[in-house]
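Next come two complexes, and both contain subunit A; in the first it sits with subunit B, in the second with subunit C.
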Partner chain A sequence: MLGTFCVLSAGVQRAWSSSSCLFMDPSSPGLVLQSQSTDVFQNLALEDWIDAHVDLQQRSILLLWRNRPTVVIGRHQNPWAECNLPAMRSAQVPVARRRSGGGTVYHDLGNLNLTFFASKKAYDRRRNLKVVTDALRRVRPQLDIQATDRLDILLNGRYKISGTASRLSRKSSYHHCTLLHSADRSAIAVLLRPSCPGIRSNATPSIPSPVTNLTDHAPSLQWEELLEAVVQQYSSEFGLTSSSQCVDPADEALFPGVGSMEAELRGWQWTFGKTPKFSVETQLELRDERPAARCSAQLQLEVKNGRVESCRVEVPATWLPERLSASLAQALLGERFCPHRAAAALSALLRCESGPLHSRLRNLCDVLVAAMG
Partner chain B sequence: MLSHSRCLTRNFGRSLSAIRQVGTKLTNFGCCLALLASGCGETAASVRSALSVLALALAAPALGDEVITVKTPAFAESVTEGDVRWEKAVGDSVSEDEVVCEIETDKTSVQVPSPAAGVIEELLVPDGGKVEGGTPLFKLKKGAGAAKAPESPKAATAPLPPSAAPTPPPPPSTVGPIPTTMPPVPPVPAHVKMNRMRLRIAQRLKEAQNTCAMLTTFNEVDMSNISEMRKAYKDAFLKKHNIKLGFMSAFVKAAAYALVDQPAVNAVINDTTKEIVYRDYVDISVAVATPKGLVVPVIRNVEEMNFTDIEKAINLLGEKARKNELAVEDMDGGTFTISNGGVFGSLFGTPIINPPQSAILGMHGIFDRPVAVGGKVEIRPMMYVALTYDHRLIDGREAVTFLRKIKSVVEDPRVLLLDM
Partner chain C sequence: MKMAMRAALRCLSVNFSPRLPQLSSAAQVSATRLLCRSGAPRTLSTTSGQCTALKFTEKHEWVLVESGIGTVGISNYAQEALGDVVYCGLPEVGQKLEQLDECGALESVKAASELYSPLTGEVTAINTELAENPGLVNKSCYADGWLIKMTIERPEELDRLMDQPAYDKFIKSLEE
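So, the complex of A and B:
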């Protein structure tokens, strides 16, 4: 299924020897590209590359792409607040931070992504969305499709089938949106919830909306048919003549430097380190087995650039000596806000303790690590 | 006369524009000077040159100190307000067009570049604060910018293997040949503050040294038999179990066997209660190198495992470590540690005990050496092994016997079958 994403309406797929051939065809005011990759980082890197390297003053570009299951958060969002990272880890769904603003979305092979590249002057999101709504109305006139003031596209006035985000650089711009063709909605419900309790942050929040797939209302709509309709509508709206072209975002010859862009997007520093400062305040429930006993503790953490900047663990002194809870808090400072890093840092502490305190300390470590998602 | 005055007007205009380019402060001054000059009847050329010289003289100090206030750009599509997210901080040097902050408006992220090269003097809006088009954003001190502060903390914590470990890594040998291919180490500046990880490692290592009466006994292992066994079975092993057959399983099993035989090595002193705690299970901590640094996960109940089980366990833990998925329980406990300095090419060395344990086995590199076998000189692949132990608990005889047992098992695994 991955390779067959490239649907060409007519004509031959030209072999591009360099990006200059691809992007500098003077006869055409625009270009439609389809990505061969379903890797979110490669596709985001391709977006970055086009934004940085292509002269968009005279032309516009439409890029069509889709990804294997991924959660994509907006530029200024908090991944721990937006998605359930432990659940995603076990389902092997990665999280990616895109460079445009806006909220969190779930991508999978049933979700079509469209990126409209234009110069800053030609930046017009409504015009772009009109391409999508007109295309949909043409292939399925019976569907009630409307773009809203918030630049969502709604079906039957209620269900969101598309969300928008964009990025304005010095001279260029891009506006991208999703389009739910046949995505896995149950995954959305499970994965798009916070990783851990008690997060307080001023990061951009997501606004949840009820969603639906186009295929839930027009089951006969094929993926290829949808793509065709969008490409044709874009071509007629922007006056293009050439057909769409397939590109491989990992092709370093075609897109020199795209590999390092991809590596940056994939890295921890970008994905987690760029999170605006936030704090976590939550109660920890502690227990002991022999003898059976319980206790509550307070955890207060400040996380900056994805690392623990300050940490306070308030445990009643009757449960654990203060020096232990203090050294526990101390052990986490400077570490990444990550349950595995915390586990590694705390295990060193645990090794130094033995006897009755050990099991209580161990329990506190476990509970603390669990509170970090 | 007419042509002369026209000339003057033209030159006056040109001079005026030259002054305007330099700085608005000078405009009035320049105007006065030009008027004076024309009034005095001086030639156009000398007026112009005098003005430009004056302009330059007055401009130079102003350019160097000029602090400009950069305002929020107008938003596209009649959007009114957005949130500021700072990319740079006060004191950072920026070049012209470098992004200083991003403003998020209505699902759009807008980059705000610096209009000129300089140093950020003040941020006028807090991170996450709201701005509208025209709101003053930050103050920039124009100029070439201060020299970049030396990147000392980053260079210092650049990964020298291993750096990110919460447990003390056994120091590689100080005696013997250094491997020829060392990873390039970046230059480190003179005074660098210790980071928390290093402080913790330092503290624990000293604690180990101060509590245990540590000393080391050595031996050497002839790896011929085990190499042969590995060569004979490695393909079939890979096929059946889907993992590679290494040497670690032999040493781990040998250690477990020897620990069951010498319970004192598997025990630990409880300093607070002044007791010796004997453990009837053998949990071996194995040092695993990951891209992030050294991690020491634990293989539980090794006394019940065979070579295959051990290889599988090591493999699983290695994968978890590489994927950063080790949990607290994976690294807690452990009655004995094995560390392999051989992967770095060490010949010989004294590992340091990993508290709260009583001993540690250090494996080193396998090198071909001439040895005496049956009265003749033969070349054999030899490995030096070292056992550092706590003499408060383990006596010399026990330590040596323990190490010899490991040697005999690795040199001839049949010892395990026959319980020799």
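So, the complex of A and C:
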């Protein structure tokens, strides 16, 4: 399926020895690129690279790309609030923070991403979306396709098939949108829910919408047909003389510096460390086996730059001495808000404490770790 | 005339970032300049020392310097272009910035717009009001909607920024 995504074969693609050949064709005011990669970090890095290095004053570019299953959050969002990180870890679905604003989306190979690059002056999201809606209406005129005020694209006035986000930088802009062709909707339901309860934050929230795939309503619409329609519509709207080009976003010769952009996007610091300050307030249910007993405790955490800035664990003194719950809270300070880091920090504490309280302490540690997403 | 000026200045609050009454952007800037003239009355307990008039960057940020600290915000032109700000992503206190470094982003319904440091220096304060109330950037871009404060490591950078008349001319040229 990957091979059919590229218009050119790999052999022809190697003719581009430098990006200047690729981007400097003066006869072509519009240029369409298709990414060979399905790695979200490589693709996001390519967007950043084009934005930073290509002169968009006289031309515009459309980049078509798709990713292996990934959750992508907006610039100022909270990944713990937006997606189920433990479930994603089990399913090996990474989370990526993009540089544009907006809400959280699930990407897989059935979702087409379109990025419209232009100068800041030429920034026009409606015009870009018109390329998509006109293309869809041309290939499947029976479909009811409309762009809304919020710049979503709805099918039958109800179901979202596309969401939009953008970024404005020094001189240029990019507007990207999703387009649901044949994505796994059940994954969306499972993965796009909070990792842990009790999060309070002023991070930008997502607006959940019912979604549908184009193929649910037009089963005969092939992926290649959709791409072709979009490329043709972009050509007529923006002026294009050459056909679309296949690019490898990991090609450092073609895109010098793209590797370090990718590394930054992939890193913990950008993905989690950039999360706006938030607090977690939740009740913990503690239990002992011998004799069977239970108790409730309160957890209160402040997380800044992805790390525990303050922590309070209120356990009734009859359950555990205050010095123990206090030292647990202390052990988490400065650690990444992460169940693995928490477990490591707490295990050191557990090793020091033997005796009758050990099992209760261990239970408290387990429950604390589980509360960290 | 003196009475009128005192009355106008009495409206301004006493802390460093003055709360300006609802003025047009041009009048807002003039009022700030009034505040900064060394003849300001003692009812206004600003920190001692001179401050300069507003300077502007080509990215539509403004800088107001007092006692060696620059307060930074975005201009009325910028806030109008942005639309309603929903989130302010600001740098950290203590962060060292070079001029033109990316130092955060303002997210609006329109886009996430990168913020660029107007000068080289260290961030000494960020406007924590914006966490709960990002709309201050739209409502009061020259006063309550200030973004960061920073030291001025290279005063010559400040000299090269546009003054008000030059900035007004710059905006006019963009609109053509």
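The rule is simple: the second predicted complex is superposed on the first by the 366 of 373 C-alpha atoms of A that agree within 3 Å, B and C clash if a C-alpha of one lies under 4 Å from a C-alpha of the other, contacts with A are read in each partner's own complex, and residues count from 1 in each chain.
Just so it is clear, a residue touches a chain if its C-beta (ideal position, glycine included) is under 8 Å from a C-beta of that chain, and two chains touch if they have at least 3 such contacts.
Model, not experiment: these values are computed from the prediction.
Using the superposition on subunit A, tell me whether subunit B and subunit C clash or fit.
Aligned through their shared chain, the two binders clash on subunit A.
Quick check for you: in the superposed arrangement, does A:369 touch first (subunit B), second (subunit C), both or neither?
A:369 contacts subunit B only, not subunit C.
Counting only touches as set out at the top, which of subunit B and subunit C does A:352 meet: first, second, both, neither?
First partner only, subunit B.
Tell me the contact category for A:75 with respect to subunit B and subunit C: first, second, both or neither.
In the superposition, A:75 contacts both subunit B and subunit C.
Classify the contacts of A:138 with the two partner chains as first (subunit B alone), second (subunit C alone), both, or neither.
Neither: A:138 stays clear of subunit B and subunit C.
Of subunit B and subunit C, which one contacts the greater number of residues in subunit A?
Tallying touched residues of subunit A, the top partner is B.
In the overlaid three-chain picture, which partner chain does A:333 touch, first (subunit B) or second (subunit C), both, or neither?
It touches subunit B, and subunit C stays clear.
With both complexes superposed on chain A, which partner does A:200 reach: first (subunit B), second (subunit C), both or neither?
neither
Touching A:169, do we find subunit B (first), subunit C (second), both, or neither?
Once the two structures are laid over each other on A, A:169 reaches both partners.
Give one of first, second, both or neither to describe whether A:99 is in contact with subunit B, with subunit C, with both, or with none.
A:99: touches subunit B and subunit C.
So which subunit B segment collides with subunit C once the two are superposed: 5-13, 131-139 or 401-409?
The listed stretch with clashing C-alpha atoms is 131-139.
Taking the two structures together, which residues of subunit A meet both subunit B and subunit C?
Dual-contact residues (subunit A): 74-76, 99-101, 123, 165-170, 202-204, 276-277.
Touching residues of subunit A toward subunit B in the complex: what are they?
Touch residues, subunit A against subunit B: 74-76, 89, 99-103, 120, 123-125, 150-151, 163-170, 202-204, 276-277, 330-331, 333-335, 338-341, 343-348, 350-352, 354-355, 362, 365-366, 369.
Quick one: which bits of subunit B touch subunit A in the complex? Just the residue numbers, please.
Touch residues, subunit B against subunit A: 76-77, 83, 85, 97, 102, 104-111, 113, 127-128, 166-167, 195-197, 200, 204, 207, 270, 272-273, 277, 295, 324-332, 334, 354-356.
Which residues of subunit C touch subunit A once you look at their complex with the stated criterion?
Listed in rising order, the residues are 59, 86-87, 89, 92, 105, 107-108, 110-114, 116, 131-132.
Taking the complex as given, what residues does subunit A use to touch subunit C?
Against subunit C, subunit A makes touches at 74-76, 99-101, 123, 165-170, 173, 175, 202-204, 274, 276-277, 305.
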